[in-house]
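In the two complexes below, chain A is the common chain; its partner is chain B in one and chain C in the other.
What follows is the complex of A and B.
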């Protein structure tokens, strides 16, 4: 028993090392003072962190990323909340098919989806790139919104909706006064998860960027192609912290088990 | 005139009728129970009255007005659900106040009415709690208060006590009856529990397959079921199908396989050929205790079980198996020859 448990501990440690090792190396390398990523460090410097803020494109694409993620999130909520509600509440023909269609952006390889969106939205429909980027991000966020909110609706007792109606409330008022407050934590979680999904996205954004319009991950990709200094490492560390804060918020709000449950 | 009137109502899902040509009427101030096994249409009837279901045919009149197409939120009916259906995000006070806020009642008036209602359901001092911190019985009291505070024209209960444990169920049904009579509110109550329905109702409608088999005072149904279904549902386990029937003064003479039976005639008695009797009303004894004659059957004990107060026997006779309960010190043995006596006043004729 004792041996087995040592073995398990060792195994778990190795898995964590495998998962976190590269992240730790990057974090350490970001403090390298020379112009090339190196390990072990030849000194200690924070200049690359400063450099992140000095590269104008990082700042402008960060802004684009945040705006697209937030706006897309809002659009995905507008579409996703009613859709999740209809899928969990209604019983109609084609419900399963509809469910599958809504979730398909997760299943289709991002590169395929990105190329398809480029072909139809930008080339065929001549939609401006910024709008196309927004549409693309809305599409990839939608399944997360529907899934997470759907799971919180599945724990929702629809009898309380009937109670509200019987007390004289209209359907619309019931939705806002009774349904929404009871799935609030689900909505917050959906927004955060979808935000991360959109903010970190590369495969859709890469097709939806053009002159002067790009997202932060795409800009990072471009930067790495031209420079090999530790700026990217420094930026990565900042993004890791950013993501960790959001995950922490989700954990605090409802616990990560909320997503692994179903 | 009746307060509530359902005329030839039909409800169907996918071509399948749950209710067909269903009729029901209810007087003001009464408590009517719909009683029946699951799938008999009792909940459908309640949901139709509440407005959650649309009638395919027929009409629903309430206080003389046509309510058939009136939406739920315009009906002013109070509903109490099996799952309580309290708003989890609102305090007890706000749960009860919900309907009044929709009706734009002034705050101090709301306060007065909510507090009075919490007093009535014995939940004074609980107004700041949330539903998650209440027991099942307390939740159901909140649900009742919430339904009553809007001064509904009709109160509807959908198996309100099914989720409570046995003791609480008895207390709550007394409470429900007390509140209902105190406020004189017309009520429709759905349950599959016979005892529950009989104990609190002015009238009981026993339903089967979307039809009311019998609608009467509980005491009448209990003693004189009209149909075999009602009889079985309320514990008449023994049935005899007769082949001949004729009147004889205040008795009915019946025959089957040459065996003569008498039943006491009661007003409104069914013209059917089936006799029903409860296991408790059937008398059992040895051949020395019961002599041969009319209303007597010879039989053999097949199975014997101990019920605590009495023994229950399954007795094999020429007319099939009979179930009989008898209080005795030393039980009959399996295979023992015994006689069964059917008291004429306990033999009820059903359709």
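What follows is the complex of A and C.
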């Protein structure tokens, strides 16, 4: 269009300033040398970055978060890949209902899911907190695994599979040697998306912290409610860099169109 | 493939979700309808006649409603702008919207504590230029919650709308203009109606998301409770399981009702019928 609207360009710029400005401010604030976050900075220091590694609880909860996200991811793959395959390969009665059930954990408010898991898994079934945390995270990762891998499978030409079968390869061998390699990028992307979803989760994890067990976001939440020093800003910057790297990988694997589809 | 095998592949996941999602939810809902073995609605009537709870519910709905309206009002023109950019510019702006979406909600809420706090950027700037003498209390108010929630959900409605607007044939807009329609009326009569289904889906995501968000109200809302922080307080701080279960059930009902109404509306307004 020739007559570009300058007003709309300016408005868009301001909206992006609103979206990204606060995140940039965190990065600036993380260099503040004094113990209280403030503007403008009184100097320049990297000591809060060092402090992140010296606060034992950040390190231990980071470890818990990574372990829970990775193990949960593995469980969700074990449960999700066969289901995604069956849902996109077969036509059978109740397929739409089953599909809806597998995607439903994203529709249930996280805080409700977290509470009911606490009530039934920890209190009624006496499952230890750590295991319950893992179960909860597997539940919320499952829909992402199924959706992303399902859409990969829907782009896969099943004639290739038929060819392998008709040449005498078994179903299982065909799945591992023909189907899986063809949807590899979808699987990696699904793992990354599910990982972020789990790693950043607050709603489920907040009900599942006990003596010595907590995830990093919950530890950060508690810290922010009690202290106001730049340690959290430094930690946030590290997490943002980590997020940016994962986002870059997802973009390489699926393209940005993954995010705009609803 | 034999159907038997298909069901076998689905079974592990289905059992897992039944045991760890469907059963806990159903049991929670069920438990709210009984007291000492007797069927009763008393858990609900108790809440729905309690002024404190109604105030929390009212605040939650108001905050969610305001967040949705603001997200739509800001998101619509910006999404239109993005959807008409050349591919490279579009990708960059989309990526910059997706990045905050993937960033931890704790980090994003914390960033607003820095901006809105007593020693924060806004107060320091306003006092610096002498506009105010005392710092404003913005943090720990419903306004702070709305700002934080708009920041949280604006990217979601942006990328949803861009996804829909990309598919609008812009030749239609140019045709309307060449036939004498003003730029604004071409936008209003072509782009707006074709975007309504996307707008409704985006609004559902924002409204339901705001209604059930925990981190942002917990960090920016101060003493002001919303329904999700109230649920947490009842479950963990007060150990009142009956109350927490009733709140959880009401949250689910509100969520499903909103989704159902808006889905109906989306189907009705869908120009493709």
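One rule holds in what follows: the second predicted complex is superposed on the first by the 251 of 262 C-alpha atoms of A that agree within 3 Å, B and C clash if a C-alpha of one lies under 4 Å from a C-alpha of the other, contacts with A are read in each partner's own complex, and residues count from 1 in each chain.
To be clear about the criterion, a residue touches a chain if its C-beta (ideal position, glycine included) is under 8 Å from a C-beta of that chain, and two chains touch if they have at least 3 such contacts.
What you see is a predicted model; the values in this text were computed from it and never measured.
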Query: Where does A:163 make contact in the superposed view: on chain B (first), on chain C (second), on both, or on neither?
result: first
For A:17, using the defined touch cut-off, is the partner it touches chain B, chain C, both, or neither? Pick first, second, both or neither.
neither
Where does A:173 make contact in the superposed view: on chain B (first), on chain C (second), on both, or on neither? first
Could you say whether A:249 touches chain B, chain C, both of them, or neither, answering first, second, both or neither?
neither
Quick check for you: in the superposed arrangement, does A:131 touch first (chain B), second (chain C), both or neither? neither
Open item on the list: Contact-wise, after the overlay, does A:100 reach chain B, chain C, both or neither (first, second, both, neither)?
Closed with: neither
Counting residues of chain A touched by each of chain B and chain C, the higher count belongs to C
- Is A:232 in contact with chain B, with chain C, with both, or with neither (first, second, both, neither)? second
State whether A:46 touches chain B only (first), chain C only (second), both chains, or neither.
neither
Query: First (chain B), second (chain C), both or neither: which does A:182 touch?
result: first
Where chain B and chain C land on the same part of chain A: residues 171
Counting only contacts in the complex, chain B reaches chain A at residues 50-52, 72-79, 81, 83, 85-89, 98-99, 102-103, 143, 146-147, 150
Listed in rising order, chain A residues that touch chain C in their complex are 1, 3, 5, 8-9, 11-12, 15-16, 18-23, 25-26, 29, 36-40, 78-80, 82-83, 85-87, 89-90, 92, 98, 101-102, 104-105, 107-113, 115-121, 135-136, 138-139, 142, 146, 171, 196, 199-200, 202-203, 206-207, 217, 220-221, 224-225, 228, 232-233, 236, 239-240, 243-244, 246-247, 251, 256-257, 259-262
Within their complex, chain A touches chain B through residues 157, 159-160, 162-171, 173, 178, 181-182
Chain C contacts chain A in the complex at 1, 3, 5-7, 9-10, 12-14, 16-17, 20-25, 27-28, 74, 77-78, 80-82, 84, 91, 93-108, 110-115, 117, 119-121, 124-125, 151, 154-155, 159-160, 162-163, 166, 183, 198, 201-202, 208, 211-212, 214-215, 218-219, 228, 231-232, 235-236, 241, 244-245, 248, 251-252, 255, 259
